[in-house]
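Lettered A, B and C in written order, each chain numbered from 1.
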């Protein structure tokens, strides 16, 4: 029996991965994601947890064909640089064809399986982004 | 009806989810050599297929998020999360806690996965009615979600599909629809099963019909009508478990309910049988269009076997909540057609060394 | 105290299926010792990034020093992602300047061909913030792909123009006997090559190869010194490139460039020859512009116009062929760079020689700029 993915780590990062929990610095006011032990901008340790908006704009994207092991089933992997308010995050884009991606398009967070540890190990769920669903005035 | 526990409770939010991908019936017939008429005999056009990064948890999460948005309550007020599925990502380890955590419902909540073939979520719904009515919890969340399995090449493959639905159940005050009554009818009838460690279920083919589906739904509905003193014509809509496109119309005919009252909630022909979501997803489709005062009959069914029947009455609150989350039709119109090979890859039908 | 480079050992970057990590490292190390005409050192610093994952050897520095007959030497390994080799040189300089060691052997080594490529891509993802960002299947090239599109759209630079950067690397590499890919390429071939992380292709990406390089650094020149290290420094940036105000201007790189000016009074553009850590075309362009070698959005055009090659008006950039064509055996790369620059400023470089070169600069930003490392060498003639 062997496991590639850390079980405690899966548990530790769920705030960031499930709910886009970020950190806001009370000293300089800047927000960073994922949360770090101190503010990367000013070094202050006076941080509070905030939740990033679940909708944002695609600032850049790439279609990864050189996929890492264990991800062939979802190749090519669509990767996005997403702006959520004042913060950028990198995450996979799902439910889209490469040809429909455009910078500037609206995207929304969904929960997906990011990785699963072979047949028997832990499953890591987390946020991915998809093109905003049409009928989109609903659901904000 | 006033004295019944059901009458103290109602639906505060409903949420649908249908994955993006659709497999046309012709693809299954082409690959497995079925007669071209096989799918139309089942009343089927195409079925929804979960993507490679989806499972019953991710789909259930989205349906539940939609339901919570419509309910417009703090997630922490939910006191129980019941997850009905027969396609659990973990055989052991609750899926309900993953969804509860992701939605911010944890930790002061009950949470568990229920199993009763396609009827587990409905059992959860009826349990929540009792728990809310008793005052044990303020709100409860029930989710039906499946990436339904079928043995490749089995006739079941035409219908077994992926989708999810969720409801926030709470007190009658403020509900978008309230319950009038509920009734459950179960027996030991082995029409469909999946043995432990087996990837696909088997079924008794014709035996799934008369002694299973029809017998249980008919008795559940008749039991409900008798208890409430209602007759079929008192309902504006009727939604039945929908393993294919034909059975719901046949049970409706047998109960004397016209087709027009069934069709708005009949979603299987265009998305397939979403198992635990099936009838409850049909109900979500009805709530997307129903008017205040409408009375809805809902009768989920699960193999093994059992059926529940509910009488639900829509309130004025429905109009303002409807627009707070995507409608069933929003998901339906998001459609990407795939071929059998893509379907096989998405659903892990290929044997791949990991 | 001065730090002199007295020995250089380079192996050809390639698929060394016949050599284990230890044997490959030993080839470079022994060559460096021989070229410095010494057989004992006070310290052995090993630079390796992937060897823990790929070769599975802990205390690689101790094991390697012992295997080279250097028992008794101070020994430790240094890891700084893509920039490990430059970090090892920085550590060696610190030991020497502090008087803790008079002679240090720096050995950089990594093997990227002992496992299948998809596993190596998975391991290389660890260069990026690994708990959340690199939990996604970003591969080794995903971030570079995101930056490439951002760059093209921001500056209105076409895909065809980007291609002049790797073409420049390859045109230099064809003279380099240590290069993994010593041949020229047609820029028009780059967009048509196998897509790796769109818009980037295989011809925008460093090849997966094995390599080892070694240096002997000393406080005394011995009359054999090739060069001296004027400055070896580094600066931490942000845990993710997303945290930079401008993702196309990593603050870690700006910081080491500023430090170069503060300490030495010169700017990157003032040196004669530069080796850049251009893991991918987009990273090369961002590095060149963040160091002030080109105006923002202009590096590919400058490369196209020959600014960074022999006869151009800028410093010669990547005469080795860069990471694209010399190769990028990750932990070894910085050591290659410093070795190549030492040979350039001593007039011994066997590849594309920059005649009269006096100052050479090596810069690598690891991954997406989590840290940037810089080494400036100068001839001693």
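Keep this in mind: contacts are C-beta pairs under 8 Å (C-beta built on N, C-alpha and C of every residue); 3 or more make two chains touch, one makes a residue touch a chain.
Just so it is clear, the structure is predicted and the values come from calculations on it, not from any experiment.
Trainee: Pick one for the touching-chains graph, please: line, ring, star, complete, other.
Mentor: line
Trainee: Which chain would you call central, comparing Cα centres to the global Cα centre?
Mentor: A
Trainee: Using mean CA coordinates as chain centres, what's the gap between chain A and chain B in Å?
Mentor: About 29 Å, centre to centre.
Trainee: Provide the C-alpha centroid distance between chain B and chain C, rounded to the nearest whole angstrom.
Mentor: Each chain reduced to its C-alpha mean, chain B and chain C end up 58 Å apart.
Trainee: Based only on mean CA positions, could you tell me how far chain A sits from chain C in angstrom?
Mentor: 30
Trainee: Which positions in chain B touch two or more other chains at once?
Mentor: none
Trainee: Which positions in chain A are in touch with at least two other chains?
Mentor: Only 70, 72, 74, 92, 114 qualify.
Trainee: Given the complex with chain A, which residues does chain B contribute to the contact?
Mentor: Interface residues on chain B, with respect to chain A: 19-20, 51-55, 57-58, 61-62, 66, 69, 89-90, 98, 101-102, 104, 323-327, 329-331, 333-334, 336, 345-346, 348, 352, 354.
Trainee: Quick one: which bits of chain C touch chain A in the complex? Just the residue numbers, please.
Mentor: For chain C paired with chain A, touching residues are 116-119, 121-122, 125, 129, 131-133, 135-143, 145-150, 153, 194-200, 205, 238-240, 242-243, 247.
Trainee: With touch defined as at the start, can you tell me which chain A residues reach chain B in the complex?
Mentor: 14, 18-19, 70, 72-74, 92, 94-95, 97, 110-114, 118-119, 123, 125, 128, 133-139
Trainee: Spell out the part of chain A that touches chain C in their complex, as residue ranges.
Mentor: 9, 12-13, 16-17, 32-34, 36, 40-41, 59-72, 74, 76-77, 79-81, 87-92, 98, 103, 114-115, 124, 126
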